[in-house]
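Next up: some structures, all given as structure tokens.
Next come two complexes built around chain A: one with chain B, the other with chain C.
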Partner chain A sequence: MELTGLFFYIVSLLILGGIYALLCLALNVQWGMGGLFNAGIAGFYGVGAYTSAILTTAASGRHLGGFSMPVPMGLVGAAIVAGVTGWAVARICVRLKSDYLAMASIGIAEILRLVFVNESWLTNGSLGVSRIPRPFADFTTGRMSDVAFLGFVWVIVLLVYVATTRLYDSPWGRSLRAIRDNETSASAAGKNVEKFRVQTFVIGCAVMGIAGGLSAHYFRFLSPTATDPLLTTFLVWVMLMAGGSGNNRGAILGALSIWTIWSVTEIFTNRLPPEWATRSSFIRMLLVGLLLQVVLQRFRAGLLPEKSPPVRFRKD
Partner chain B sequence: MSEFVNFYLFPALTIGSIYALGAVGISMIFGILRFAHFAHGDLMTLGAYGIMAATALMPVNPLLLVPFGMALTIFSALFVDRFFYRPLRDLPTIYTVISSFGIALVFRSMIQLIWGSENQVLVAGVRPPLVLFDTIRVSVLHLQAIVTTAIIAVLLHYFLTATKTGRSMRAVADDPELAEVSGLDTAKVVRWTWIIGAALAAVAGAFAALNTSAHPNLGWNLLLPMFAAAILGGIGKPMGAMAGGFIIGMAEELSSYHWIGDEALISPSYKTAIAFVIMIGLLIFRPQGLFKGRLL
Partner chain C sequence: MIRLDEICVDFGGLRAVDHASFEIGAGRITGLIGPNGAGKTTAFNVIAGAIWPSSGRVFFDGRDVTALKPYQRAEAGLARTFQIPHEFAQLSVLENLMASASAPRGENVLNVIFRRGRYSAEERAIYETARETVRLLELEHVIDEKAGNLSGGQKKLVELGRALMRDPKIILLDEIGAGINRTLLGKLADKILMLNAERGLTFCLIEHDLDYVSKLCDHVLVMAQGSLLTEGTVDAVRQDERVIEAYFGGGKYEAQL
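Moving on, here comes the complex of A and B:
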């Protein structure tokens, strides 16, 4: 019995770890490859979550819905809506210094949170959307559906990993890194800096939307607290910086290791007496903030530093 | 008419004062150190809690205890700059932005750790409003906030135009390379930027906490409109940031006045969105701000 408990604990750890790995891969496209600061991860994640939830749930009087689409369609919708939101933000801000993109992205995340809370016809306000279906609901029941979901999440992580690694190695990715490292020389070489940056930002936001959608299907319930910037935006930044920005494997490793530390410490702190248990969550947050400072100052390259692919010449 | 003045104009000016005091620091830090300081809102919260801690010891009007809040914010800002921002100064400034994002979290969790995360009021009880000319009623706090901000604006203007330090600060904000080769003491300018920014953040935090209540997200929730105010006034223009703060505050509050018909023009729950829309509009059409700040 102990062992099955442990098994399902690890399953849930890996499911959420996989969702964080997706967010990290997405941020790695934006920051690691493109050098774009996105401070509104929670917003794009939330948009994806709500889109997928609304598209896949059965009709309900409390929020927009009744489309009952299959889960993959919901995730595609999530990617599209999050991508379009990202496009609108990026169009306006990429010409300017990256700080402006940071401000605008944090702004859009705040506005989206207001929309999720206030527009009850769309999202059922703070009561949230419930009865969100899971994929393979017909084949699996009970806790086995967790295991099926674990496979589903990691297949998507693998697909995104392959895609982003291909992107990194492609001419597109090379131009992107050229822009990141020296914008002036890249544009002198004829690269359309603005276009590349907008594309990067949109790709990243779309993947964040997929991650949000997956979390909605995993929890089967979605309320505006899911878009809390602490647990998404902050933690994902720490994960990517610690794992190694610019390196996709580093992004996945960072996500898994930080998430493991974060959730395993929760087991211990939950056993403390109540007045200490609440405080310890603040201590954890404090330590995450300090960890980010240490990483920034001492280990900027992260656990797995960025390794540029070798230049291959065609043999004639 | 008196309804408009009592329930919309004075609260709007109060919110505007809070934004103005916060935006001055953001604008100066952005202008001189070249990065968007994401921990500024939480610095305000820290100031408010510092004052609250002092009121527990000395039961006088919290506004008299603002220096304690200032001392706390100035110390924290200088400490954070020395140990967390300065080591990153040779890197692209975006790293400092990331660092300040983390520092915001550190400030907030420290506040939650020390003072807890529930709402706390600085002054209990309701104070009767002042009645002027029989029709205009204004709360004492609102009047205090507006008058204090006006006095600070005058002092700040004097400091920036008449003292050597203030003039060097403007010089660095306008053209850092030129200021450096002219032999200005950049380290001193940076120090004064933090001192003034942090001191004004404490005042802003005090008024924000008195206006509603003190809670750990107090300053973080005000960050977006303050960024908008700093951009509106032009980065590196402290007086512009003051004006920007008032404009954003007025726009937010007055947007929920029933200008047309009986309904609020824009639902009050979307007040924050006004600041965001103004910011986006500025970034599209006039990123240098109204008063020709620097475009970084």
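Moving on, here comes the complex of A and C:
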């Protein structure tokens, strides 16, 4: 009994760890490779979550819906709508220097959150969207569906890892890193800085949308609290910094290790006296912040720092 | 090849370039000299598109490029180096050079995710050009070093290498010699003369060492206080009273000129 309990604890840990790994890979494209300071991760994650939820649920009358699409279609929709949202933001903001982009993206995430809360016809407001289907619902039930979902999430993580690694290893990634390091000389070297930045922002936001969609299918329920910036934006930044900005494996490692620590500390903070337990998330945030300090003291560029990829072309 | 027509640049209240008009002839090695603060670097920035002038026009190969962005001018065949090195700090020396090449296939997102074969020939050519350039600049021993960790002189060489990577028509060199040792500087001069003679590559260089300028340039432009003071051969310019005046505010240091 204890053992199966532990097993399913680990399954749920790895499912959410996988979703965070996606967010981290996405942020690594934007910040690690592109130097774009996206402080509105929660907004794009939320857009993806609502898109996939609305596309896949049956008609309910409480929110836009009734499309009953299969889950993979919902996720494709999540990527597209989050990507288009990212495109609109990028068109306005990519010319901004990174600190201003950070401010603009916080504002945009807040606007999106207000839309999720207030546009009831679309999202059912703070009551949320329920009965969101899981993939493989026909042949898995109960806790087995968690295991199936774990596989589903990590297949997507693998695909995104392969795609982002191809981006990183390519001339595209090299030019993007050059732009990040010195915009002026990159444009003197013929790089269309704005085009690269728009592409980068869109790709990252689309992946964030997929992560959001997966979370909606995992919890089967979605309300505006899911777009809490503490649990998405803040944690994802910590994960990428700790794991190694500019390194895709570092992004995954950071996501898994910080998420594990975050989850395990919950076991302890839940045992605190009630007047403390209500503040537990702030205590944990403090702990995670301290941990990041320690990691960065030892490893300035994160656990797995940025590395130049090998030159790749067919040797013949 | 390049023509500036009545260019003015203002930084707040300061007029850094003041109705400057001059021409950089195709196929030549032109020197751009003048005292510190004369507006030479700013003029380069205007030519390259990094700064937009308050008024005036820039022509490249007879075409008005005043409204073009820096990357579009680079695509048209213009390359430059920066007085203060602008390296890609987290990229290796090899990557700094390769990233400066034109790579239309390898910079296509769909190609790099789904059709990687499509850019391998292009990448191979870029790699070979970069290796050759590294050899030329004697940077082989630091080829895998991050550019941010190099010495000032090495960064200057990387600047030059990056400019060579796109096979440009003209290269603007801004005080490339500062911080580079004499021997290598001599070799660079030979290389510049060779590129000019064999490939017809046009150069314009800002340089303080007039002996170096006279070794390379048959024609020099002299800027002072934001506009063109005079132009001519190095010897003619050296003797010009106004040039001596501009440099030293008097004839005291004449012997050094």
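In this text, the second predicted complex is superposed on the first by the 297 of 316 C-alpha atoms of A that agree within 3 Å, B and C clash if a C-alpha of one lies under 4 Å from a C-alpha of the other, contacts with A are read in each partner's own complex, and residues count from 1 in each chain.
Convention: a residue touches a chain if its C-beta (ideal position, glycine included) is under 8 Å from a C-beta of that chain, and two chains touch if they have at least 3 such contacts.
All values reported here derive from a predicted model rather than from experimental measurement.
Contacts of A:282 after superposition: chain B is touched, whereas chain C is not reached.
After overlaying the two complexes on the shared chain, residue contacts for A:188 are found with chain C alone; chain B is out of touch. By the touch criterion defined above, A:68 lies against neither chain B nor chain C after alignment on the C-alpha atoms of chain A. When the shared chain is aligned, chain C comes close enough to touch A:178, but chain B does not. When the two structures are aligned on the shared chain, A:107 is found in touch with chain B, with no touch to chain C.
Looking at the shared chain after the overlay, A:230 reaches chain B, while chain C stays out of its contact range. Of the two partner chains placed around the shared chain by superposition, chain C is the only one that A:163 touches, whereas chain B remains out of contact.
In the superposition on chain A, A:270 makes contact with neither chain B nor chain C.
Residue contacts after overlaying the shared chain place A:246 against chain C, while chain B stays out of touching range.
Of the residues of chain A, not a single one touches chain B in one of the two structures and chain C in the other. Against chain B, in their complex, chain A makes its touches with residues 35, 37, 39, 92-93, 96-100, 102-104, 106-108, 110-111, 114, 117-118, 230, 234, 237-238, 241, 279, 282-283, 285-286, 288-290, 292-293, 296-297, 300. Contacts from chain A toward chain C in the complex involve residues 163, 166-167, 170-175, 177-178, 180-182, 184-193, 196, 199, 203, 246, 306, 308, 311-314.
Against chain A, the residues of chain B that register as touching in their complex are 30, 35-36, 38, 84, 87-88, 93-95, 97-99, 101-106, 108-110, 112-113, 117, 223-224, 227, 231, 267, 269-270, 272-273, 275-276, 279-280, 283-284, 287, 295-296. Chain C meets chain A in the complex at residues 48, 50, 69-71, 74-75, 79-80, 82, 86-92, 94-96, 98-100, 102-103, 105-109, 112-113, 116-117, 119-124, 126-127, 144, 146, 162, 165-166.
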